[in-house]
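The structures come next, written out as structure tokens.
Same chain, two partners: subunit A is paired with subunit B first, then with subunit C.
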Partner chain A sequence: MAERRDQSLERQDFAWLVLMSLIFFGLVAIGLWREYATAWRPWQREFKLVLAHAGRFQDARKFQPGIRQIWNPELGVVDRCVSCHLGYEWGGILPAALRQPLTPHPNLSFMNRHPFDRFGCTPCHAGQGWATNAHAAHYGGGGWEEPMLSRRLAAGCGVSEAELLQMRCNFCHRRDRSTQGMDAINLAKTLIKKKKCLICHSVEGQGGHSAPDLTYEGDKDPEQFDFSHIAGARTVFNWHVEHFIAAGKVSPKTAMPDYDMPPDQARALALLMLSWRHINYPPQYIPQPQSAPQTAATPAASSNH
Partner chain B sequence: MAGGIQRLWRKLAWPWSPASDREASEAIVRNLWLHWFPAKVSGRSLSWSYSLWLGTAAASLFVILTVTGVMLMFFYVPSTERAYGSIKDLEYAVSFGRLLRNQHRWAAEGMVALAFMHMARVFFTGAYRGSRALNWLVGVALLLGTLMLSFTGYLLPWDQLAYWAITVGTNIASQAPLVGPTARYILLGGHFVGQQTLLRFYVLHVFFLPAVVWILVAYHMWRVRKDGGLAAIEPLRALRRAEPREMPRTKSYSLFGLTPGTSVAVASSMGLEESDQVASSPNLTRRMMLVFLTVFNLTLLLSLFINAPLEGPANPSVTPNPAKAPWYFVWLQELVSWTTVHLGSITISGGLLGGILVPGILLAALILWPFLDRSTDAEGVWFAPERKRQNAVFVVITAVIIILIVVGAWLRGPYWHLYWPWSPRPVLPRVL
Partner chain C sequence: MDTDRRRLLRWLGKGSVFAAFVAQIGAAARAFFPNVLYEPPTTFKLKQPAFYPQGYTFDAEHRLFVIRAEARFHVISAVCTHLGCTVQWRGTEFDCPCHGSRFDANGNVISGPAPRPLPWFEISIAPDGLLEVDSASAVPEGSSLTVATEKT
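After this line comes the complex of A and B, so read on.
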């Protein structure tokens, strides 16, 4: 008997249906595996061992694997760094020689003024707090504008990591005259006074008007700078460094003097320029300015915003 | 051996095989989900080579989009403060969130492509004539609906890519004479892309447009039935008409009773022999399942290995270099940039020509084509010789659009200059 037409159709499609179903199950299995094999899981497993090794059996037993985060909507902080950087609060108990990312946070004298549970990590370190894998957290990638201020980035700018971080300290500490732990920025703030920059420039409404306003100099888009006379790296940081050393070379015919200053001073000033950004932190995160006499560079507390 | 597996498979997954035509028909008619299928379909319209099943593939994507979209709605917050963060949460913290987002994204881009390819198939098979002209118009509306769904969805992540793509896209729209600026104002809820825009696009994207497209899809399917099935049967019908006529006596007739005219029940089998047809269940349903599964697997595969783009948070004061419209509109942006002429200090914007006239003319041509087509009997077959000239026109226009898309999406680098994919692009200055 001749085959019914739909039997031939079934024969055609049967194998494909089986194949597609198998592929489907295979893909679902891959999806499940991906969900389980996260970047932070091995670190958490290791951290549990580290705790037990240090004699903290209770804590080791209580330790549950999972994404951890510091969340503070006031600062817009969602920092999942602590899913991997697990030892940050264990200074004094866990050895400082642990390898990253389990190492306790460097015990800096000012850290207790910035408790982790309020400040998180990214206000000082930058990077992408949301991310739960190291590359995305540290470098961002895909157009993320604020990569973590790593040792490598610092080396590229000729400063130390601690100095580079001061740029962000100054987001909040802008109105301090000088702050402990912020030597580079402190130096830059004295240079602003010594070199009388505010004869020409204005900052937060104070100073002269014959040169660009610098209040939010750090927000200026890299593409708005003219790099045609820059010898070194095409970064805004380097633009400022070369500009402070020889303004006339970088901006021909500028009224700004060639300061010919030592590179470390130029770098400190460049950090200061980059730190002058529009910051939306609520007032309780902006330290009260010291009662010391106001200077032009650290103007009135009344304009606190 | 193969037979053994097949029997096992039947037991496991396909226990039902109709014993009679009547049982097969009732499986369709009595099922809420299937009753809009005809009880019987012609073998030709089931073939892979006629329709390529592109419409079904597009519909499968739309189902996937609806399901993944509803799931995304449980996480997404349409506010300028929270939108970007909720997408980041999906990517990094929500279980399967990244997969969900990727699948929604790739299915959406796929649906734009498939709706277009399906339209091309319909065009090349000349399947839009006679009563099918109406369904062609419904199809044009579906294509526009798909584009608008994609466009409104593009803004929702509220990243730089989204923000500037919508800014560029709506700037093109504002070039329309008289109504342009007003249209843009209404669409954006203001003069620039902001919270109002996000809310408007959100409502359009998750409610209004999907509802419209779903209704149109349902009507589209209904029309396919009303028109007697796919145009693939037309050559066969003509053949049967030429033969000595004998009223076909299929069982489905007795099921519904004979009605005069092209009623839903009769139209599908009208003029065909019983031997030209097969029962829709399980033949059509099985093949639809296969198409759906294949499409689903493809989106899953893409989603597992390629991430949907997401850039830094939207920043109105920093324009990315270059700022591009979404790929399916980038050919318009490309046209605008070509037709913008600089004469000394005067700039004649190409916005009107590239942004309004060309797409307007193309759309009008799409709408009017079935009524301008004079070919006589080249329906339901690929590349009918009689339609050579029309097909050539379609191919040329499509090729130009595709070339413009490729140039705009891949070859345009910083400052909208052209670069080969392998040639180095200027490194833009960075902060650090």
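After this line comes the complex of A and C, so read on.
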């Protein structure tokens, strides 16, 4: 009798084992499928065809599928954007009208001084370089602090994509008096002088002390702003824009005058404010401050000796 | 009928246990081949071909020599095959300052403790016109890249 019960138990265990093994096998199959069905694979397949279509047969043959990345520990760059944005360095060979994400990067005048393999993508465009699918790379999920500076984000701020990107150019170029191609930031820098902001505010140890220090204004979190008097979008960018136009309305107790400036000037200044951040890029990435009057004075000074 | 079903079940059971086991080993083995690593790429760019003068040019950043003869280019590693010191070009041969290995102009060992010749790396022209080196793939001695549309 006991023997029979043992046998039935054994049969029951065996059935469980079969079931669990099948479930495990199914999970392994799903895992394998997920490993293969990646977001970048179809684009890489298409890019190979694009290369062949453009007559670059050898490059097409050499093209190996896989995650691609630009890695630079000096800037903390691990940019896998190039797993899908495959045409980025093919400007001049592949047509500029190629659809995204395969479109070649526009050959802007400063690109030879900012080579891709040294700068990567995210130092200028922001976004999440580690991600290997478009949504995570571009948007990164709710509350992500460094969303990609897209055309849509720029339109929401009332500036062009190129103007929005200048904010990040100024991370390194903040001590330039003016920088070629950074018109919005250049305008803001002249306004800072023209409106004599440093009478009250201080920046990098210079200026007055009757108003908040603005050295790292761009590092402030949205929680540090009072949005209760903001009419438009409740973003830090828009807070700055409305505050530059009518400081008294946004912060009723402020001593800052209402500058009532045109919106494009207010937006340029807002970009400048957001660009003033604490960054820890190595010094070789920071351009030497332009010292035009000093270099003119140096030969005269040395001739006195 | 009953025995047939039992046999099928047993086959299915053993088969799936075996398949799951194989898959498990496969997954563990796959972990040894990551998709990407946090390390410098083995394929990197040098300068425009026109930048390099005739003869041997040392690239300190990537520790290699770019050798140009007219429009033909090849690249030889500057890492000694003995213990990895950087070899120096002495006009006719490469000398290793650490243990005195000597290599001829093509990287073959003349004397010293170095066990192997200096490898030649595969080179090509990147889409933006720069010389590109693949340090992961060695090419046989004597291979070279001819840059046709070159003006000096």
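Keep this in mind: the second predicted complex is superposed on the first by the 287 of 305 C-alpha atoms of A that agree within 3 Å, B and C clash if a C-alpha of one lies under 4 Å from a C-alpha of the other, contacts with A are read in each partner's own complex, and residues count from 1 in each chain.
We adopt the following convention: a residue touches a chain if its C-beta (ideal position, glycine included) is under 8 Å from a C-beta of that chain, and two chains touch if they have at least 3 such contacts.
Quantities reported herein were computed from a predicted structural model and do not represent experimental measurements.
For the composite obtained by superposing both complexes on subunit A, the positions of subunit B and subunit C are in clash. Legend: residue contacts after superposition of the two complexes on their common chain; A:S21 is shown touching both subunit B and subunit C. Of the two partner chains, subunit B and subunit C are each touched by A:R80. Between subunit B and subunit C, the partner in contact with more residues of subunit A is B.
Once chain A of one complex is fitted onto chain A of the other, the partner contacts of A:K189 are absent, as it touches neither subunit B nor subunit C.
Touch criterion met: A:G31 reaches subunit B and subunit C at once. Once the two complexes are overlaid on the shared chain, A:R168 sits clear of subunit B and of subunit C alike.
In the superposition on chain A, A:I67 makes contact with both subunit B and subunit C.
By the document's definition of touching, neither partner reaches A:H243: not subunit B, not subunit C. By the touch criterion defined above, A:A131 reaches subunit B but does not reach subunit C. By the touch criterion defined above, A:W90 reaches subunit C but does not reach subunit B. In the superposition on the C-alpha atoms of chain A, the part of subunit A touched by subunit B in one complex and by subunit C in the other spans residues 14, 17-18, 21, 24, 28, 31, 35, 67, 69, 78, 80. Of all residues in subunit B, only 5-6, 9, 13, 43, 46, 85, 88-89, 91-93, 95-96, 99, 159-161, 275, 278-279, 282-283, 286-287, 289-290, 293-294, 296-297, 300-301, 304, 309-312, 315, 317-318, 320-321, 427-432 touch subunit A in the complex they form. Every residue of subunit A that touches subunit C in the complex is listed here, in rising order: 14-15, 17-18, 21-22, 24-25, 28, 31, 35, 59, 66-69, 71, 73, 78, 80, 89-93, 115, 117. Against subunit A, the residues of subunit C that register as touching in their complex are 9-10, 12-13, 16-17, 19-20, 23-24, 27, 30, 35-36, 38-41, 44-45, 126-128.
Subunit A contributes residues 5-6, 9-10, 13-14, 16-18, 20-21, 23-24, 27-28, 30-31, 34-35, 67, 69, 78, 80, 130-133, 136, 140, 142-145, 147, 149, 153, 156-157, 164, 219, 221-223, 225, 227, 234-237, 239, 274 to its touches with subunit B in the complex.
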